[in-house]
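Which chain is which? They are A, B and C, in the order written, and residues in each are numbered from 1.
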């Protein structure tokens, strides 16, 4: 399970780093709290962080449940794809939001595989 | 525990579907990323997803902790009420945000019962 | 582990209370759903809740993983610092967003200690 723990912690730290970039963008583009709009570039950094938050909510249960019903190693491997996909997502979104699809897919797909695998495992165990 | 796992995964998938509806509403109402405002109907879809995210943060720990201290079957049953309540919430909110109370109550109540039950169980175990 | 469960549930209830304050601020300052902007004081309550959501995503895995690799009691203690720090954060942010640093630090620091401790424990176990 320790592999899965490491990937989970790295995913949370990645999210924290995206949060710091939002904070830095507040200063750079003059968007003062509590505002979250007013500058297009700031809003891109903000949406990267918010979307990552949404994906984390699927990733973490997916990692542990897939790990429980199938394999911690495969779960951790899918988590690594997620981590790389999120970096691509963040880098492309900030440059041009219209180009965020590849990075989004590379994080969404592992999350869906983890969740569907876990669902299949849980249903098979129950019935 | 597998019942609880199934409900958790379904709740995450429900959230993902709400996210897709936000994406579709972007196209339908011309709200381009990174914006999250500008069209009232889009904003309703967006708030449904965001509020669901907030509720998931209470549901998932509630399900597992209630399950641990009391009964996985009762936890899963309350989770099913949550799933139905969220569908009512989403459907009514998009039509008229002022009518979101019933659906909100039907998800908020099971979450609070799960958390209070778990708190009572944990306190009783400790002292 | 029951200490950690109690702190987790209290952190979720704290988040729920912040959510209720957002609802109350909607009424007080005339910001009707689905809007989340339009009044500076409302936006402060809203950002307090949103930022707490972001921190919860690090706190909960941090609590359980630190607890697993090191000590549930130390984890719960750091969680108590988090709970107090969040109250300071909320109180100061609503008065003046520029003064939110102390409360932010008092919640961010315990979360980072929990996560780094857990990461160190997990890496040591694996290799």
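Everything that follows uses one rule, which is that a contact is a pair of C-beta atoms (placed from the backbone, for glycine too) under 8 Å apart; a residue touches a chain by one contact, two chains touch by 3 or more.
Please read all numbers here as calculations on a predicted model, not as lab measurements.
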item: Subunit B on subunit C, rotation in degrees - Cα superposition, rounded to nearest 5; value: 120
item: Copies subunit B and subunit A - interface residue numbers shared by over half, same or different; value: different
item: Centre-of-Cα separation between subunit B and subunit A, whole angstrom; value: 19
item: Subunit B residues counted as touching two or more neighbouring chains; value: 37, 53, 57
item: Of subunit C, residues touching subunit A in the complex; value: 37, 40, 43-44, 46-47, 53-54, 57-58, 61-62, 65, 68, 93, 97-98, 100, 112, 115, 118-119, 122-123, 125-126
item: Subunit B contact footprint on subunit C (complex, rising order); value: 2-3, 5-6, 8-10, 12-13, 15-16, 19, 32-37, 49, 53, 56-57, 60
